[in-house]
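Both complexes shown next keep subunit A, but they swap its partner, so subunit B is in the first and subunit C is in the second.
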Partner chain A sequence: MTTEQSLTAAVVGDEPPPTRRSRQSHARAWDGLGFGFLAKLALMALVNALGVAAGWSAYVNGAWVLLGVMVGLLVVADWVYFSRRPVPLKYLFPGLAFLAAFQLFTIGYTGYVALTNYGTGHNVTQAQAVDALLSQNEKKVPDSPTYPLTIVEQDGELGFAIVQDGAAAVGTADQPLAAAPDATVADGVVTAVPGWQVVPKNQVLSDPALADEVLALRVPISDTAEDGSIRTGDATIGSVYRSVLVYDEAADTLTDAETGVVYRATDDGQFVAEDGTALPVGWRVFVGFENFTKAFTDDTYAGPLLKIALWTFVFAFASVVVSFFFGLVLALVYNDPRVRGRRVLRTLFILPYAFPAFLSALLWRGMLNANPDYGIVNQLFFFGARIEWLDDPTLAKVSVILVNLWLSYPYWFLVCTGALQSLPGDVQEAARIDGAGRWRTFQSITMPLLLVSTAPLLIASFAFNFNNFTLIYMLTGGGPRFTDTSATLGHTDILISMVYQISGVAGGRADYGLASALSIIIFVIIGVISALMFRRTRQLEEVN
Partner chain B sequence: MRKTLIRTAAVAAALTFLAACSGNETPAAETTSPAATETTEPAGGATGALTIWVDENRKPAVQAAVDIYNKTNPGVTVELVQKNFEDIRADFLAQVPTGEGPDITIGAHDWLGSFIVNGVAEPVDLGDKVSEFESVATQAFTYDGQMYGLPYALETVAIVRNTALADSTPATWDELIAKGTEAKTKYPFVINTNGTTGDAYTYYGLQTSFGAPVFVQNADGSYTNEIGMGGDAGLAFATFLGENGMKGSGHFSTDWTYDVANQEFADGNAPYTIAGPWAIQTFKDAGIDVAVDPIPSAGGETAAPFVGVQGFYLSAQSENKLVANDFLVNYVATADVIKALYDADPRLPAMTVVADQVASDPIVAGYLAASKNGAPMPSIPEMGDVWEHWNAAESSIISGAATPEAAWTKMLTDLEAAIG
Partner chain C sequence: MSATHVQDGVMATQAALRARGRRRRWFAEVSWKYLLAVVVIVYAAFPLVYVLSASLASSGTLTGSTQLFRSVTSANYQALDSTRFWEWAGNSLQVAVVTAAGSVLMGAAAAYAFSRFRFQGRRGGLTTLLIIQMFPQMLAFVAIFLLLLSLGAVIPSLGLNSKLALICVYLGGALGSNTLLMYGFFNSVPRELDEAAKIDGASHAQIYWTIILRLVTPILAVVGLLSFIATFGEFILARVILTSESNWTLAVGMYAWVSDQLNANWGLFAAGAVIAALPVLVLFLVLQKYIVGGLTAGSVKG
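Showing the complex of A and B:
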């Protein structure tokens, strides 16, 4: 509402008087005391410093897209604020930058995710999935003892020195573990090996490159590879591990060393064997428009989607209409000068609007408890009867709309009161002189004039309620559940709470791809409806 | 002037925002640059940087562990990032692949399944120290023979008894109800059903006493992905829920949420409830004396409630795995630190020595005894699909909205479909 008003104010409002062309802005050059110019220089220096710092960190990390965006924004910012010409851009640029960062990026990223299978089991890149599978399947040999371990080095090659049954042994990736009888063992740990240099643990921990080498080092315990090799996770103890899976990068396959089964990378983003068994960790791949069709064809979602879409429309429409008319009636009544104590009463009416919506929804959830011992509504107004406000599919829908009425009528009361007070008195007076009655005046004069100013708000309110996640989540959590489908959705779920459920943020199986696709569908629905209705409201304005 | 200020601040904010939020392929500078690696000499300890995610309750506890660690390793900067516990699982899944995640996070063991299939957790080798922990705790963090985290605390539910209303807890459900009725309170027994959502977690001890575990267990206690709730045992439990539900004797009710059940118990309206250690403070604040006993058997077998295990996970994409491992294995997994964690945030310690030390508190001893009967909550990936269907089935049976057979059979069918 505020943006709407300020925009109108900016367009219609006081036109600045034509400026003296000769006098340039005091931010352009040194002029008088020069505060404006200095302030601009300082601020632009700050912007440039931040931009260069951010760009530099992007460069260091090899984030080329980000680097390009940063450099581009910085160049444009400098051009906009140091050039004489782009005057409108001087005002618009920050807004445009925000638009790009907060809106376009989000929309673009949602679109990107909607085209992938991102979700549980397809959460990482293929390289990360391979790493995870290899490390998950490098298994400790059963009953392998834990060896105290020391990192040693010889001619730049790293090795492990371990203590096995009191005797020291040394080995590297190429030389299997061999006894080192002349090594010094103190407190059960190797402290010196002739011919080798002991690398202190702290040095290993403090040097990331060295640490990576130590983590990757596998020292075979014998000449037979099947016996396994020693590895360490913390540079102080080691155990014998055996790799179950072997990765062939050229063929893009993982082979189970024990059974010989070959798992091939598929287009679905998983390693699958001949017999159809798949390895648990998959990766993200593009699936095209599969998510969009899945929403309508998958048995689990198709049925609920239709019901939920229908209810979403009913909910959004009913919420707006009911609360608008209730607010309007109250506004008409309390706009009458004959009502005493109008100010106090008006303030009281606004109270529900003053509480945070999620808090009110939670309170209502408690008050509507079916058991009259806990639910005050049943106790006070229904003689302690057991009415299942939130557990019966139909009653739950009614409750949701009624609670939303309670939450939003003060808004319409406020808006309508304001609009009524600003209606031109002369038109109404003219109507009265022409012999129009009260109802006629309201119907032909007041209401059309009122709609001119409130119709855009009605549309905005519809769009808001279409995505009124807070109320649904806090009041019913979507329940009561559908009993005819295995999808974990319920009778009062609206599209956005369905998206939340599918996204798996709250737990359970996540499907970000499908959730993003549904978000885009919602976006399109709201966009189309708003566009159509705004076109209709232009006709309303013709009464002016 | 003011406009320029706002505008410039806006541009700056937009730029820093872009810097912070993008870079999906590569980690941003803040997380990767190992703080002052080159400049600081290793003075008696390692150098480097660790980021640990903690929740509000555990922050002082982990801070205590970090303080002990920093005494010997002053060169390692440990940054504790406070997050909502409910957000950590999803955020860890989303951020680890981008490289923006932490090195270590605090977490519950039942997240392990999704961490495995999403490839975000790194195995942790505790070596011989495994034997120093309660076996239920190490089992909980083990998947397919490998350990993926360091357990540090246990939690479970047990019977909480109002000592003014009942002097003991019988060994069977029928005796419990009989004794509860003798107390002449409003209810013989209350339990959190989480309203109409259902709460299979709290009811699980009763369910296992019918021999119907959620998943079939192997001989070593690990879970298969075969549903164990089917067959006669599962149906017997469903029938038991129906008989005691709102259309039956009314000992269970979907009107009871966590708050309602606790309030009724704290008001002295019931001598018995099933609750976790997290609820004890509420009861003490209400001024009632409570004792903690094992859950009685309803179906003839031992009632085995879920044991939840809290621990530390290591990120698969950590840039400081060695330092993180060293921190977990050589510092956190010691009696001193586990005790410090307990002192800062009392949860049952997972390390046997420390558990014995703190067992002098009767409440702690009661929960420890209950956890010995318990089974770890399954951490297999399939577990995430079970909750919603399971909760809903129990809720509809208790409220009488569906017959036990119908609701339980539908749940089993849905689970088969979801797990495949």
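Showing the complex of A and C:
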């Protein structure tokens, strides 16, 4: 430790210098109406209020994990801001909390989901799946009691009000029937319920959409799906419907009471009968590395995956090389004091960079339209020829790289100009004195020095383009489609856009498990690239 | 005397020769640079000129946009009023401004802690941030989607289709992408200033808010601006999280226009693009100098 550092440590350290009398921390002391202390108090009051509200909501909904996290965060937050010791944490905590919740946790969660079969048909837990199956397979109980029924409405949600043994009960699809003692019953029919609006029968009959909704409405009798539900066929009489499936918890089977077919729970998270028929609702199960094997062996995905992975590398590499090269040439050419108006030129050169990237991609999508009546590029520069810029597999790839060149050469122009201007002049002068020509100087002096300072940026840019979803998705949408697979993937799809298609977050069949597995593969690739980067640069050494 | 005359004459001829040589060299070495500049400028600016022309075209379709400036009307701009464009622009602005402000505050606080305090786990923390910086947050969009799906069942304002949730997600990525950039700048502020203040009885909070933050304003502006531009153009997370049309940002909404009816919506798109790009373009060109410094320090355009 140098003297300077030890001095600093003494001053900055937690313990006050021994010569000063120790005084109360700012965290708790009331030394007058300090604005800072009041502001902190108000902020912390707000944070606590929000935290308690969120925690309460979690408690009501039975979300125990979330409740634990909320309480934990709140306790840590209060400790950090009302105790005097963790001074650095006072500055780090907000950022760390967000980082932990929305980046670190989600990365870990991606890893977890990758090992499950989470997706369409496997969205819920087994208990929820059983409930869903029971309610989906309900039939009217043959000798069911019937109840006089009234359609009611609350905030746009329909419900049934029935009279059971002279007492009124109200329920909706989400709220099981509950007694409504303050409802008005006249002639054995509910005519009014406080807080609810009665929907007249005529209205149901005259509005087909409403009638369909009423006929489809299922009001559970209790919280347990086995108890069945109340449904109606004519909007005036309700009857009891009960599931034809019977769940045997001990054997983990569902039995169809009518046909006698037994569906057994499998390790894949589905109920399957002897003959192989499966019930439509499954549940999430841990499948190990099945998603990874599926990605590489499944007919639908394996072929496209290899092609797309290869193209992702080609795209990222070519984009960086082409735009770096063009930017470098421009920088070399215009780093010349004899050229006048260089500031104006620079501003004009970097115009594409100042235009939001997503708009550029969409703009080029229109400009490159194949039909010369539509696309100005074909019309103006190719004499109205019909060149399929975005629809031919090879041309589409070239177009994507050329558009990316337009988008990113200004970045490299700026970076290289900066790097060229900061090159040490004496080395170049020495080379000239030693008789090196211009090309030789460039090759042996300028270029190596330039690469040293731009290498980290080149690798970062490679990593960025590796995941350049916006450009691909907005320009080609991944198209033109592969013809040899049923998956909605195409020749210009890169790995991240493949993940997007498979995940189904934008609609269609969802396979979160497989999508997450592919994300993990991208993580690994990026990790390797970063490791290379760390080895190549001294960034780590700056951290001390 | 005559000798000097002769000498003068020789020197004059030599000077003339040199001047001619210089001019020839200028033609050979400099003039083509202007020609090349014209070509590059055409390449750089053509799409922008085109979008301006398309936005002013009377037909409002892609078909009618292939001749530059055939007609000049403001019809497309007026037509924007009958769409959700301004709503989306408002959403984009809200999300981007709040995210930028939050990123600056959290990043600056973290950079201050790393730069001015010595604590356990400091080195580890910085290294971790360096590694996290490599993994773009959007890679985990499936997990983010699922997290918000279950979070929304308990706290609806943090669930899917909430702008607040989107902002929180963006803020989750803030520390990883900005802290190191700011850390370097904070280190360049002389420590003697804090020490002097400390001796005068200032608390760490007073030093931070009244001394350090004022000295690092340039980097705060750069980070704020970069974060604003990145958030403004972010697509995948916004697309996944914001489900209802009234909550969309410009990136999501304008993509929907173009992917849905490329030809018919072209005029609207062009007019919207001009309006959406103008503030960013102006900010960028005016603050060029600062942004370039920030860019070369490691962030890439998003």
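We take it that the second predicted complex is superposed on the first by the 325 of 544 C-alpha atoms of A that agree within 3 Å, B and C clash if a C-alpha of one lies under 4 Å from a C-alpha of the other, contacts with A are read in each partner's own complex, and residues count from 1 in each chain.
Just so we're on the same page, a residue touches a chain if its C-beta (ideal position, glycine included) is under 8 Å from a C-beta of that chain, and two chains touch if they have at least 3 such contacts.
A quick note: this is a predicted structure, and the numbers were derived from the prediction, not measured.
Within the superposed three-chain model, A:189 lies out of touch with both subunit B and subunit C [touch as defined at top]. When the shared chain is aligned, no partner comes close enough to touch A:525: not subunit B, not subunit C.
In the superposition on chain A, A:480 contacts subunit B only, with no contact to subunit C.
Of the two partner chains placed by superposition, A:257 touches none, neither subunit B nor subunit C. In the superposition on chain A, A:63 makes contact with both subunit B and subunit C.
Once the two complexes are overlaid on the shared chain, A:420 sits clear of subunit B and of subunit C alike. Once both structures are placed on chain A, subunit A residues 36, 54, 57-58, 61, 63, 66, 90-91, 94-95, 98, 101-102, 105, 369, 373-374, 477, 505 are touched by subunit B and, in the other complex, by subunit C.
Within the complex formed with subunit B, the residues of subunit A that make contact are 27, 35-36, 39-40, 43-44, 46-47, 50-51, 53-54, 57-58, 60-63, 65-66, 69-70, 73-74, 77, 90-91, 93-95, 97-98, 100-102, 105, 120-121, 123-125, 128-129, 131-133, 135-136, 138-140, 145-146, 201-208, 211, 214-215, 232-237, 239, 280-282, 300, 369-371, 373-374, 390-391, 477, 479-481, 483, 486, 488, 504-505, 507-510. The touching residues of subunit B, when paired with subunit A in their complex, are 1, 4-8, 10-12, 14-19, 21-23, 25-30, 32, 34, 37, 42, 44-48, 75, 89-90, 93-94, 96-97, 114, 116-120, 122-125, 127-128, 144-146, 195-197, 253-255, 260, 316-317, 319-323, 325-326, 328-330, 381, 384-385, 387-389, 392, 396, 399, 401-402, 410, 413-414, 417-418.
Residues 8-9, 11-13, 26, 36, 54, 57-58, 61, 63, 66, 87-92, 94-96, 98-99, 101-107, 109-110, 113, 118, 330, 333-334, 336, 338-339, 345, 347-360, 362-367, 369, 372-376, 379-380, 406, 408, 410-411, 414-415, 418-419, 456-457, 460-461, 463-464, 467, 469-470, 473-474, 477, 496, 499-500, 503, 505-506, 512, 515-516, 519, 522-523, 526-527, 529-530, 533-534, 539-540, 542-544 of subunit A touch subunit C in their complex. Listing the residues of subunit C that touch subunit A in their complex gives 26, 29-30, 33-34, 36-37, 40-41, 43-45, 47-48, 50-51, 54, 62-63, 65-66, 105-107, 109-110, 112-113, 116-119, 122-123, 125-127, 130-132, 134-147, 150-151, 153-155, 158, 168-169, 171-176, 179, 184, 191, 194-195, 198-199, 203-206, 208-209, 229, 232-236, 239-240, 251, 254-255, 258-259, 262-263, 266, 269, 273, 276-277, 280-281, 284-285, 288, 292, 295-296, 298, 300-302.
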